[in-house]
Amino acid sequence: MRNIAAALAALIAAAGLAACGSSSSSDTSSSKATSSSSSGSTGQVIQSNPANKKVTVTIGSKNFTEEFILGNIYAQALKAAGYNVKTQLNLGSEQIALKALKSGQIDAYPEYTGTALTSFFKVKTTSIPTDPAKAYNQAKADFAQQGLTALPPTPFTDSNAVAVTQATAKKLGVKNISDLKSKASTITLAGTPECRQRQDCLLGLQQVYGLKFKSFTPVDPSLRHEVLQKGQADASIVFTTDGQIKANKEVLLNDDKNIFPPYNITLVVNDKVLQKAGPDFAKTIALVQKGMTTPVLQELNSRVDLDKQKPAAVATEYLKESGYTK
Amino acid sequence: MGPGGTRMIVAAFDFGDAIDFILNGRESVTGGVRIGGSELLPQLWRHLELTGAAVGIACAVALPLALWLGHLRKGQFAVASIANVGRAVPSLALIGFAVAYIGLGFPNALLALTLLAIPPIFVNAYVGIAQVEPDIVDAARGQGMTEPGIVRRVELPLAVPLVFGGIRTSVVNVIATATIAPLIGVVTLGDAIVSPQVYGDAGQLGAAICVALLAIAAEVTLALIQMLVTPKGLKLSSTRRRGFPFMSMRRVEVS
Amino acid sequence: MSWLTLFAQVQIHHRASDCESNNGFCPDWIIKNFGDRYVDPFFRHLELVVISVLVGFVIAFALGIVAHRRRWLVGPVVGITGVLYTIPSVAAFLLLVPITGFGLLTAVIALSSYTLLIIFRNVVAGLAAAPAEARDAALGMGLTDSQVLWRVEVPLALPEIFAGVRIATTTTVGLAALAFFANAGGLGGLIFGDLVFKSNVVVAGGLCIVMAFVLDGLLLFAQRLSTPWVRAARA
């Protein structure tokens, strides 16, 4: 009896392992429908319009993973719609990207609503609307004054968040950031160097939540999750679409006092180019954005940051798996 | 006035803004905190701390070894290889190496920078000692000097220009690399360079100016110290190889 | 439209904890991705180095020839090139950007200005070290000053000049890694892009070292070719 139970248990365990031990490889067949994704998009294949062939658009992007992926997605989607697409990904910071856009070096690039407001339009981080739609509308109005159109934003927002390991969350018994109030003096916090001086980052935690951390360690952006894994910091300020959150089973504390403004992506396009490109441009962009929810972006970021795939390949996978391209 | 002219005027404004950032404080681009002006002082101090400690430790480690090996004139191929690798390894890779394999914070940054500082000091000191004329060394031996005595009283004084050249090179390299130390947990003058969103263009440029001035100041200081330390004989005479005076103040490097 | 696309969704992978996601040193990944990721930046880096050293050499050599006959120039030139040499490359790139913008030009200007001091100093020292007897003999044979320079002094100075170029080249390989601050590409952008991934840092840094050794070796070979009398004298 015991032997049969053991054999059964082993069988079930093996089946379970086989089911979820799939791969971190990239050659997944795209026609598998999966139940583990929470994106609610229904695929709708992009139709190629031959009239678009005579329009050339240059898509740019800033120089980090999420921007690379998005730039590639937009570029490949527009190509599928029949446009003649050139890319200039890896421009640099947002200041460089905006200069390139205004000078005509590129025709469009994806920008975060929050970043646009603070870096371009001199809005203090505490004045950014906490409602994503309001933030987008404000950015859109500001861009319009510069001859640029900010297309409707993505569903996902890539904002800051305070992350801890599961073990730490259990040990401290915290769920919201404000729960840290009494424990902050024993906690070391890590974040990017500029986090130290931003009100939508460390300053906000200090001023609005009243948290006095034991210490703050500035680190290169690629290290923000590693420090939690290695125990070099108790908490780390991460981005909500980082792939490592799921992979490392990190716990994001709830921002109950709303100091982290929304950062949705909007594709900022040169007005003239948008006009010349016709209605297909905005339609295509809106279509491929439907599937861009936070879990999906986490997955795409994981494929680049954790599986070390190339952003262009991941973009192709996104379009295929979501059913936008064949 | 063509586009070049307007470029120059814009550049002048940029530099003016950067100087203003250095001299006076201002509010950060994202708001809520003061940057520039006196806020730069702790960063400057950190920068100096890191540099001084790294070069100091590198000297303590590399000089004795270099003097000893150079005196024995052993290990030339190894020295040449160290020289090449030391020059070719990008400082960024060293920081990346520190990050990937060692860790964060002041002690680990110090370790990485010390490793960076060692090759120029070691190689230059070695060559400085090794290239002293064998005749002179023999003469000293003939006079009955001990080996350490020869190093201390004959070879080392003659090697001063090269030894200092190595130290000066290391100091500048470490100052340069300490600029990106904020990425591994030590906030130096490079904070504005790695956080452009907070500091803005003026802050980035201002920090670059500060780092450049710091390097030049360090170089000048060391050159003066070198002049004080160089034996009078070397200062006055033309060296046989170079053929013109005042070589002691020049930065001399191994070739 | 097949029913499958109606339910098309991005597949969330279950990730095993493997070499890449732990940011380790993964030979398989390196072999698979080397051609894709590292080859183009390598050649871009090489391009930067070669152009910068060439430009620096042309300027420094010209200055050296001029200063050889007008000794009073040596001090000022060493002073100016010394200042350029001292300015850390990161700072240099950022200082140039307001004037020359982002891109190859800025990077080349900054990188070549580093080579000036080293090469100039070696050119002057090499020319000065030509034995007076050789010059006298040449003048005695009826050569003009300019012929003495180009046919006697410069060839005798070649070892020293080559030494300077070699140092300049290996140094530039290391410095060019920071060229991405001026948006000029190269291996530095790769390192910075994933600072924590051991495979990445080791490969990109290693390629720099390889480049330096190869270039140094080529220059040494060129030096041996151009100064056959040195070997003959030894033999």
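Should a chain be cited, it is by its letter among A, B and C, assigned in written order, with residues numbered from 1 in that chain.
By our rule, a contact is a pair of C-beta atoms (placed from the backbone, for glycine too) under 8 Å apart; a residue touches a chain by one contact, two chains touch by 3 or more.
Here the structure is a predicted model, which means the values were calculated and not measured.
Number of steps on the shortest path from chain A to chain C, with steps defined by chain touch: 1. When the C-beta contacts at B-C and at A-B are tallied, the pair with the greater total is B-C. Ranked by how far their CA centres sit from the centre of chain C, the chains are topped by A. Between chain A and chain C, the centres computed from C-alpha atoms are 38 Å apart. Averaged C-alpha coordinates put the centre of chain B at 19 Å from the centre of chain C.
Per-chain Cα centroids separate chain A from chain B by 40 Å.
In chain B, the positions touching at least two other chains are 99, 183. Within chain A, the positions touching two or more other chains are listed as 220, 223.
Looking at chain C, residues 23, 195-197 sit in touch with two or more other chains.
Residue ranges of chain C in contact with chain B, taken from their complex: 23, 71, 74-75, 78, 82-83, 85-92, 94-95, 98-99, 117-118, 121-122, 125, 128-129, 160, 163-164, 167, 170-171, 173-178, 181, 187-188, 191-192, 195-198, 200-202, 204-205, 208-209, 211-213, 216. Contact residues of chain B toward chain C in the complex are 7-8, 10-11, 14-15, 83-85, 87-97, 99-101, 172, 175-176, 179-180, 183, 190, 193, 204-205, 207-209, 211-212, 215-216, 219, 241-244, 246, 250-251, 253, 255.
For chain A in complex with chain B, the residues that touch the partner chain are 93-95, 115, 118-119, 122, 124-127, 192-194, 196-200, 203, 207, 217-220, 223, 227, 230, 232.
Residues 28-33, 35, 99, 103-105, 182-185, 187, 191, 194-198, 201 of chain B are the ones that touch chain A when the two sit in their complex. Only residues 1, 4-16, 18, 20-21, 23, 29, 33, 36-37, 102, 183, 189, 193-197 of chain C touch chain A when the two sit together in their complex.
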